[in-house]
Each structure stands twice: as C-alpha cells, then as structure tokens.
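Heads up, the next two complexes both have subunit A, just with different partners, subunit B and then subunit C.
Now for the complex of A and B:
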C-alpha cells in the first residue's frame, strides 16, 4: 500500500501557512451560513419554527453576517496565499499577522455567541457597543467594528510592508490601493445620524462600495493570480486586464450606488443617476466575454488543477448571470419601485454573492490544497475526483434551484403586494399567502438542502483530495501536449 | 421624472431586460469566436444576436417608458452603441496585449499565444493581424 500524502505545512511559505488558517475558518463559517440559512428557510415554510428561541431576524442576521465574514476570511487568506510569490519577499510582520488571525477569529466567535445568547437589547448606547448595532448586514457591535478595522489595517501593514521589501507588481499595486479602501470605507458605517435618510446614505457606502467596488477589485486580483497559476497565462496579460477591469468597474460601479438611493428619501436626481449607471454596469461583463473566448482559443483551457479551473469557470458564469443579468432585470427605477426588498432582491443577492465571490474563494481552496499536499496531481483521472465534481454539481444546482424559487416568489410579491396592493400591510400578507410565494419557499428549502449536501461533500473532498495521489502536479507544458 | 411600468408589462420588462444582457453575451461570444476561429460565416449570426439585443433594448425602453425624456433616451443610445462597439474594442485590446506579451518574453512558446485557428474559413483578411504577424 502506498503512503498517503499528508497536508504538510513545510510545503508552504510563511504567508501561505497563515492563509490556510484563514481558509479553514472561512470554510467553517460557510457551514454556519448554510445552517442558519436552512433554519430561516424552514421558518418560511413553518412560521412558528424555533419561535421565541431563535427568531427569524436572528437567523437571518447570523446567516448574512456569517457570509460576509467567511468571505472576508477567504479574501484575506487568498491575499496571504499569493503575497510572498507576488512580492518575492517573506511576509513582513508575520507574527503580528498570526496574532491578529487568532484575535479576529475569537472576536467572531464572541459576536456570534452574543447574537445567539443575548440577541437583542434596549435602545441604548450600550446595546450598540456590546450586542448589536441593529442595521442590517452591519449588525456587529461597535467594539467589533473597531476590531475589524484594526484587523484590516494590520493586514494592510503585512501586505504593504512585504511589497515594500520586495517588488510591487501590477497585482500588488492594485491590491494595496484596494486594501486602503477596504478598511477606510468600513468606517463610514460606524456613525449614526438622527436623519434616517442620511444614515442610510452612508450605510450604503459600506454595503455597495465594499461589495461592488473593493470586493470586485479584490476578486479581480485573485482571478489574475489564479489564471497565472492554473492556466499559466502570462503576467503581462493578466495585469493589463486587471487595470482595464478596475477602470470599467469604477466607471459604472461607483455611481451605480444610486440604485440603492431610489427609495430612501434622497433627492430625485438619484433616480436618474442610479438608473443610468446601473444600466451600464453589466456592459463590462459582456465585453469580457470576448476576452474569455480569446483566451480559450489561445490556451484551450489547459490547466493543471481541474477543480480550481472548474470553480474559476463557475465564477465567470456566476458573476455574469448573478450580478449582470439578475441585477439588470430590476435595476431601472421604473421597475425597481415594485421589486426592491422582495424575494427578487434575495434571488439576485444569492446569485451574485455566490457567483462572484463564493466560487472564486473555493477555487483558491483547491489551489492552496494542491500545494499543501506537496504539489500533487489534480488533473484528469484524479483519484476520488468524483467528489469535487459532485460537490460542484450539488452546490451549483442547489443554488440555482434556490434562486428560481425566490424568483417566482418575488414575482408574486412584486405584483400582488406592490403593484396591485400598493405595498400595504394587508397586501404584504396577501402576497405571503399566495401559492406562488408559498411554493417558491418550499422549493427554496428543498434546493437549500441539496446545497447543504454539496457543502458536506465539498468539506470531505477538501480534507481528502490528493491524499492517495502519487503523481506530481502536471506541468503546463504537459497539459498543453495533452490538450493537443 | 419616472413613469412606473404598467402591471401588464412586468413580465415583458424582465424578459426584455434579461434578453439585453444575454444577447449581448451571445453577440460578443459569436463575434469573438468568429474572429478567433477565422470563421467569417459566423459574423452574420453575431450581428443577428445584436439585432435581437437592439429589439430588446427598444422593447425595454418602451415598457419602462424611457422614451418620455431626452435623458432616458440618451441611456438607450449609450446602451445600443456600447453593446455594439465594446466587443470590437476588447478584441483589439486582446490582440494587442497578447502580441506585446510575445515580444517581451523571448522564451515563450509563441504558438501558445496565437489564437488557435480551426480548419475552415481561411479568409486571411478577416483575422485582425496582431503586431507580430504584421511584422
């Protein structure tokens, strides 16, 4: 019997050792997100489920907060993973980076424990500081907010100091600027005003600018590195495309924030600005199809890591459909008047977050594991290769099923609750009781369960992939010959 | 400022909006594939996809009442021109960046970076020559 390949940290550089810690926590938090998503989905079908124990608002809060945090952990891990290779120097301040990792992880555990055990508090300043701030998506208490900024600044120090010591590549330069924005923009959500409109105005800066600006740029950097590693694409090409992507994304993405300002009490000109620039946001995605076809013609998708390549392709499609198509169909104010805040938004949100972010972080898990196992074979006829394929099928089909269930429910809501009922309380319940809505929620639960099964298989695969492989990683030249 | 969509036009709004992006992608896909594979016969199909995109934009503009003001009409024009020209611009950029990459990397396998032609449709003038081929 051949010896099993263990996960050996001796195969990794300092930054990568820290990266796999972040990846491990990210994967666990994905499990938390799925668990609380499923519990919330059950409550849509059985409204009194866990009533008085963990209310819907708490389940939803943990579900969404877990998503944000696992993705932030995934991004940080990905940056540490590529840092030393990009900079050509060992990570500066690695010890501090490790300390911050444990502090960050412990803080997340404390916040979640408070969410579940304390849940709510009186409308006083102490509640904001120690229990929850109450604003959706950024519910973390103030102490945790400050902690997040400190962690991000420490992370920035690690990255900036390492690039300063080594060389600043194109990817590195974009990354550095992005990390400044990542930490800076978060602070805009850390103050209150008594004017609800003004409060929401700045709150959207955190939500929109994080997700549609800094996270997208981060993903652009990850994609550039991923294409070099997996496909062997030249650095010059990926860097050029990274600059172009950043330019196009900022061109339409920043003012695209206007689509969040339609109905919060801001001046009417935001209807025009938001509608105009949001309508143009998918254009770069469509243009990128040309690049994808060109690269497929040049490289013929020759790669040395099939699971990572599969997830990078899923990212390209998911970003296009989830952010592009599902965003555009209800972005103009003329129709958004009826769809915002319904299951339409949930459908778009699930598709976009999964397609644009979850997929590429999973691709990085596989890139990391290949090296962690000692540059192991992850090409065709991979031992136990059925697991990554089936987990991918279950996760993708499960997500698509949930999206469609929510789409049907959202369609019923936009018509019955908004257009016919005029968004009254009675109309809200009329829509909730409509068969399309009810059936949509049942389908969401069914496909959510499928998604959870895909997650279980993904974890199993990540723990075992390459373990029984004796072949070394396939070189890009060999992959090219195989493709011919 | 805005005139909301009529209830009867909801489905048409979603359908036409989705069609704009999807046929934009089909146009870009066929355009790039026709070029990269030297198959000019696919180009009419690409422009047919653009024609559907054009019709979708007009339908969307009609049902969302965009023709009521010069501002929203300008959005329609920008979308139509943008979706038409963006694939051309990106194609030129692709050819340029890949060609530049060859010249900078003396050890690169140059055949690697050239779009792989298929066996049919060999109209030489159709393929945009990259710098390397031109020299």
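Now for the complex of A and C:
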C-alpha cells in the first residue's frame, strides 16, 4: 500500500462511479448557490450593488435554482451510490445513465447562462419556453422542464430495472414509489394559465410535494442507508423506522399542502385543513431524530466515519428544527396571516433546506469519499481531522447566524409592515428601513460570509480527507453486523 | 435487542408497511377530492376569482363583518384607462399582463398573493395602494413607473426597481393584471390593508 491513498474509481461499483460525478457537480453548484446568495445579501445592505447589471431578481433566481439543482444532483448521486448494494445487482442501463448525466449538466449550464446573459424577455409565451418561466423555484424555461422530466425518467429506469433484476429491499421499495411521485408531480407545474389562483394551486403541488413530501422521503431512505453503513444498525430496524416515518410524512404532508392554500384565492376550508395537517408535519421529523439518536446510543456511537456521522446527526436535528419547528411556528393561519411572505419565510427556508437536505447530502459526500479512497480510516485522530470539524462549525454557525438575522428582521416586518401597516408599499418600506430589520440584514451578510468560509474549507477537506491515512476503515462490531 | 420484535405488532415491519401504504393512498384520495372541489370554486368568473371584465369596475377591499376579514368588493362601473372592454378583450389584456410579469421575473423581488421574494412590496393589492396618490392619477402613474422606475422615488433606503424594458403596451397590460389580481378573494390577506381613497 502506498502512503497516499489516491481517489481510485476501481474502489467503486458502476453506480457509484456515476454517483461521484453527480456529487462533484452538486458540490460545485453549492458554491454557485452560496456565491449568488452572498451577492443578494450584499444588495440588501448596498442597494446599488450590481444594480442594472445583475439585478436582485436574477441573483435570487440563480441562488434558489442552484440550490434545487445541486440538491437534486445530490439525491440522484446518493441513489446511484446505494443502488447496487441495495439491489444486489449491477446497475442496468448504466451507459444511458452516464449520457444523461452529461446532458443534464450541460442543460443546467445553458439555463444558467441564459439567466445571466439574457435575463428577461418580452411578455410573450415564447419567453417561458426559452428564457424563464418566471415562477419562483420553477424559473427554468419549459424546454428545460421537459429535459428534467426526461432525465428523471431515465434515472428511474436505471433504478427500477436494477431493483427488479436484483432484489427490492424495503428501502428500494420506498425509493421506487418516491421516484414515481417525484417525476410525476413535476409535470403538474408545466402549463400556463391566466388564472393566477389556478396557477399557484398547481405550482404548490410541485413545490410542496417535492420539498415537504418526496424529498423528505428521499432523505428518509438516505438516513436508513447511512445508519446501516456508518453505525452498523440492522436493516430490520432502519426499514421499520423508514415505514413509520413515511407513514407520518405522507399522513401529515399530503394534506399539509393546505398551508399554501390559505391566501391564494382557494376556499376557506383550506385554513382548517392546512392548519391542522401542517401542524402535524413535525412529527415524522421528531421520529427521525429519536431514531438517529437512539441508534447512535445503542451503538455507543461507534461509527466508522466520523464526518458522515456528524453530518447525519446535524441532518436529524436540522430537519427537526429547521423544517419542523421553524415551519410549525408560522404554519397556523392565525399567525401566517402576518408572517407569510416576510423574512420569516426566508429564515425558515434557509434553516429547512440546509437542515433537512444540505446536511445529509454532505454526509453522503463523506461516505462516498471513504470508499473512493479504498475504505480508508475516518474515525478518531483522523489525519487533518480539524478540517471537517471546522468546516462543520463554520457552516452550522454561519447558517444559524443567518437564520437568526432573518428571523429578527421577520419579527420587525410582521409587526411593522403587516400587523400595523397592513402590507401597503409605505408599510413595507417602513419595516425595511427600521433599524431592527437593517441590523438583521447586516448580521445575515456577516454570517453568510462565515458560511462561505465553511464551504471553502469543506471543499478543501473533501479533496484531501483520507489522502494521507494508512489505516483501513475501522470495523463495526463486524460479527454482529453480519449476523443481522 | 431485536429478539422479540416479531411478537410486538407495533414494532413489526409489515404492520408499518401496510399502514404506510393505506395512509398514503387515503390521504392522496382525499387530496384529489378536495382538489376537484377547489377547481370548481376557483374558475374565473366565480365568487372567489372574478371574471376578467371586473377591471371595468371600481374595486374596493372592505371588512366583511361576518367573515371577520377584508374582502374585495366589485363596485360601480369604472373602466380601466377609461375604456370599457368586452370579456374577451379584458381576458386578452390581463393575460398579456400576466405573461409580462412572468417574462420580467417580477416574482423574484416581489410577492404575488404573498408568494415570491421579499425584496420589494407585495403586489396582491397593489392596485389599491395609497402610494399611487389618488384615483384620478393612479393608472398613469403606475404605467409610467413600470416603464421606467429607476429614477423615481421609492424609499429612503436607496433600494430601486431596475428598468426591465417593459413596453408601453406591456405596462398597460400589467396594470390591468394588477387590477384584476386585487379582485381575488384571498381570505383576508393582507390583513389591515388601507386602500386608496376612491370616493371622490
């Protein structure tokens, strides 16, 4: 064995070779997301920053679109990562999967180039086809929508064909159901109508059913696999928990969509239905925390990949607090009337997407790197182990600081603009000019910079972790693992 | 640890698998049912989402005591830009306005029915906003602002709207769309909104 552990794709199975490609692009796009987030944060403090060159709307669009795409790439990568191990068969149609990866990546580059260089178009339907659809989160032009569905279907073919060739595990079954929903739901947003209420009704089907239902189930599957891999938890336990979580997630989340139907022109019964079911949405997230913490305790946290375990625990808590608690605090219509569309939403959005999704994808980056470097040691006294710890601290503290900055701004906004001012133009700016709001935006920028530093360190760590380790991976209680 | 799991129904894999499948199916069916009902209630021309020709009338936003919420009120005839439109003409104009707002990506600064980005004011009731002075000058002020907003007064922060190259026709259409948007019954959102004085 050489002193340096090279990244060697001979250590990976076919699906995993494709997975690390997706992971690489995902990590790069996370950098794009952070860059444009910072630019937008600067503009909140210095309004003329890049004004007329790359306006706020463009910065913000690239910020949130880069997020969706890097997370989707992270999920796809994670599924390819576990596919062959779960199914017990080599990936079917891998060549096609590889082609789709390059097509997908190229399409993303074209879409972003058009966003930045063309930016807007005339008020015609063609603009939606070729420049932007102009709807938050689904800004991608229609041709790209179709492309995304084609890519997701090819991905689904790879997954479904591989599972049917091998065996369908519990995780596999849930994944298949989830991917059908994921691709199917996306198509529901692919139409234009003048009726704004109708437009937003179906638009929420896409956004909500992705982010608060199918993505949550996806990370449930990833957590199940991650705990087996990193802690050595038994398959029976993770599968049972996975069903329990999916039961609670779909049980609350499907009708929880009603919390988006309070104020868009939809009937009044959505106030009760949305309020009730979305209030239940944190429950599965509590279950996920209990599961992860319980398993970690049972195994006395004897895990073989400290960075991955750290990020899995960060995910469990981030999902619970960010998506669960921060969602719950303003999901009841009585409160939401004053918080909807304020910095509360931004605060919750950052906490939820980061806590629920960014964290667990980063955990998978570490799981992948461990194997990519030939099952290298990633336990205590890891060579250069300060890097993953400090990047985790900077990212987590940076994110919490941003969340708190926006929340304080949101408090001011819901009082001054909404409760007192009634959301007029003058009331909006009265809140935006208030020192509490302004300070919140400064804190957000400061902690955003810290977050960016954490990202830089994360990239450095991912490029180097395990490189100088000579020790092989630490085994779990291996005998016990095999017996299960 | 997992020795007697098989004896406990609540810890059994099959029990939770079945529960999951049934719950998901039932919830999905309920959602489909509610969606069908909602579709029938949010057709244009209904009570909640008025016909596009509502832009021929004065729109107000008043407290409904029975609902304890402000609701849009379609009042006396008051055609937009002084020209009464047929239903088809109104629809075409509103449609052009909506397409323009998609094309200029308005939603990544503003919120529309509360959804979008948080850099600029909510547009749900923009048509009724006292910022536009008085009933007599509002339409033309809005058109002029949308066409070339950059050097006009916004706020004391220095935050401004960029010139998005909106044509004169598009700007008129956007105002029509905003007027129609203000007629949608949003269950009292935004609350405590004080509309522009339209009485004289």
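Heads up, the rule we're going with is that the second predicted complex is superposed on the first by the 464 of 484 C-alpha atoms of A that agree within 3 Å, B and C clash if a C-alpha of one lies under 4 Å from a C-alpha of the other, contacts with A are read in each partner's own complex, and residues count from 1 in each chain.
Simple rule for what comes next: a contact is a pair of C-beta atoms (placed from the backbone, for glycine too) under 8 Å apart; a residue touches a chain by one contact, two chains touch by 3 or more.
Keep in mind that what you see is a predicted model, and the values were worked out from it rather than measured.
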| item | value |
| --- | --- |
| Partner chain(s) touched by A:272 [first = subunit B, second = subunit C, both, neither] | first |
| Touching partner for A:88 - first (subunit B), second (subunit C), both, neither | neither |
| Touched partner set for A:294, first subunit B, second subunit C, both or neither | first |
| Which superposed partner A:332 touches (first subunit B, second subunit C, both, neither) | first |
| Which of subunit B and subunit C A:414 touches, first, second, both or neither | first |
| Partner chain(s) touched by A:320 [first = subunit B, second = subunit C, both, neither] | first |
| First (subunit B), second (subunit C), both or neither touched by A:282 | first |
| Subunit B or subunit C, by number of subunit A residues touched | C |
| Interface residues of subunit A shared between complexes with subunit B and subunit C | 234, 236-237, 240, 244, 268, 271, 298, 337-338, 419-420 |
| Residue ranges of subunit A touching subunit B (in the complex, touch as defined) | 234, 236-237, 240-241, 244, 268, 271-272, 275-276, 279-280, 282-283, 285-291, 293-300, 320, 324-325, 328-330, 332-335, 337-338, 411, 414-415, 419-420, 480 |
| Residue ranges of subunit B in contact with subunit A within the complex | 1-5, 7, 10, 13-14, 17-18, 20-22, 24-25, 28-29, 31-33, 36-37, 64-66, 71-72, 75, 78-79, 82-83, 86-87, 89-91, 93-94, 97-98, 100-101, 104-105, 108, 112-116 |
| Of subunit A, residues touching subunit C in the complex | 43-44, 47-48, 51-52, 55-58, 60-61, 119-125, 127-128, 131-136, 139, 170, 192, 194-198, 200-201, 234, 236-237, 239-240, 243-244, 246-247, 250-251, 254-255, 257, 261-271, 273, 298, 337-338, 340-343, 345-346, 418-426, 428-429, 432-433, 484 |
| Interface residues, subunit C side, partner subunit A - complex | 1-2, 5, 11-13, 16-17, 19-20, 23-24, 27-28, 30-31, 34-35, 37-39, 41-44, 48-49, 52, 91, 94-109, 111-122, 124-126, 129-131, 150, 154-160, 162-167, 170, 173, 181, 184-194 |
